[in-house]
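Input: a single structure, listed below in structure tokens.
Chain nomenclature is as follows: A, B, C and D, assigned in order of appearance, with residue numbering initiated at 1 for each chain independently.
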Amino acid sequence: MVFNHKIRVRYAECDRMGFVHHSNYALYFEEARTEYLRNKQVTYKELEDEGIIMPVRSMGFSFYYAARYDDLLTVEVTIPENPSVRLKFTYRVYNQHQELLSEGFTELFFVNKSTMKPLRISKELLERMV
Amino acid sequence: MVFNHKIRVRYAECDRMGFVHHSNYALYFEEARTEYLRNKQVTYKELEDEGIIMPVRSMGFSFYYAARYDDLLTVEVTIPENPSVRLKFTYRVYNQHQELLSEGFTELFFVNKSTMKPLRISKELLERMV
Amino acid sequence: MVFNHKIRVRYAECDRMGFVHHSNYALYFEEARTEYLRNKQVTYKELEDEGIIMPVRSMGFSFYYAARYDDLLTVEVTIPENPSVRLKFTYRVYNQHQELLSEGFTELFFVNKSTMKPLRISKELLERMV
Amino acid sequence: MVFNHKIRVRYAECDRMGFVHHSNYALYFEEARTEYLRNKQVTYKELEDEGIIMPVRSMGFSFYYAARYDDLLTVEVTIPENPSVRLKFTYRVYNQHQELLSEGFTELFFVNKSTMKPLRISKELLERMV
């Protein structure tokens, strides 16, 4: 399943070179996967309210072309494999000219908020996600 | 009492114009008042751990000259009046050429973290702050 | 003229208290006034490309209630008086329950990008803005 | 050569979980490599003023333990191999208890600011960097 989410580049997200600063891609990915999940009827906020947090365990980014101020980006989100105790998302970022600017991934864990121990979420929830 | 805190401007904090984006001054002020308090033996983190939070109630900023990438700023912090249920800080930001770039203030409240109600902190703590 | 712009609160914009950190309101205001102008057929990016930049001269914020993660905010933007060499915007931020969370203003200047001197923009452009 | 740089965690950099949000590590790495270079008498700002920019081509992060508000982090910076047209930095982040919290890398390119083409920097400059 591929999900597309649109993000307008903010002025403050661009640096002296006029490009989106690389640190902001982690924010774009996070916004995009939140909307991916919402589209699957999974609200990340509700997960947290139920005691499940999902810290990022690792992430990676490749940058091919720069995004610029006021660009209307499309972030394409995929879950490339079946989630288990961890959940991997991959992302592709395109600008309004359909140019591929960047690719990346984030790997998250399911963690019990009270015990801070990894947890295995219900099969039903996993299936809703993919 | 005037307290000075030095901050080196980060690359990501500068925008397309090459100037520090105005949103970052709130971060500089926060860092500076935290160090002001630490200098008075008041650790904001400890206050929170003891159940006292200090949300910002209002803030204001005037910008005269731009701060730029890699500038070594001095943030001058003052508590202009005796704190009560609220605590006001004023700030002046200078660059390494002693030019006054910006002025501002933040007004904070003392709030009980559990009840989320305003609270009056102990006289002893207030006196340590000023 | 009142213009409304919707913003979904990002996870990274919330702090240890669970509230939107106050520094982010400057970003919300900026995004909202950009969309206000776009709605008037004035693209801020095009202004910059034509050599006009609009630095913030002053800004102020009042916070009444906290915005929280995943809230769908409405930022109401108004230009309260006729612009001259400077342009003032006022803002009101509401959450999805129509509660007024915050108010503020930003005052911008029109500046010639090459000379960095204040400039008076054309009457035609001013009229399009309001 | 290993270089250590200290960073105090800002309040705004922590999220609802109370942890440093993962997007901020890119900022910490950037600050640390800037100071690494300054220590080698290479000021990144001067490089840019001379027409050399260094965009990030790729980056990766692993997170083991969370950094928290007010932690005094040590970022250990290394250049693991001889730079050519690209320059790789690796980083380790420790807290004040000498716990390894995170590891990562950034890979940068040397680019001519006017032509936006990759460039080979002088041998003398490369040698100063490592």
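Everything below uses one rule, namely that contacts are C-beta pairs under 8 Å (C-beta built on N, C-alpha and C of every residue); 3 or more make two chains touch, one makes a residue touch a chain.
None of the values given here were measured: they were computed from a predicted structure.
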Higher number of C-beta pairs in contact (A-B or A-C) found for A-C
What is the chain whose Cα centre is as far as it gets from that of chain D? C
Per the C-alpha centroid definition, the whole-Å distance linking chain A and chain D comes out as 23
Quick one: chain A and chain C, Cα centre-to-centre, how many Å? 27
Rounded to a whole Å, what is the gap between the Cα centroids of chain A and chain B? 32
Junction residues of chain B, two or more chains touched: 11-12, 16, 23, 26-27, 30, 48, 69
Quick check on the complex: what are the chain B residues that touch chain A? 11-12, 14-16, 18, 21, 23, 69
Interfacial residue positions of chain B with respect to chain C in the complex: 16-17, 19, 22-24, 26-27, 30, 48, 53, 55-63, 66
Give every residue of chain B touching chain D within the complex, in rising order. 8, 10-12, 26-27, 30-31, 34, 43-45, 48, 69-70
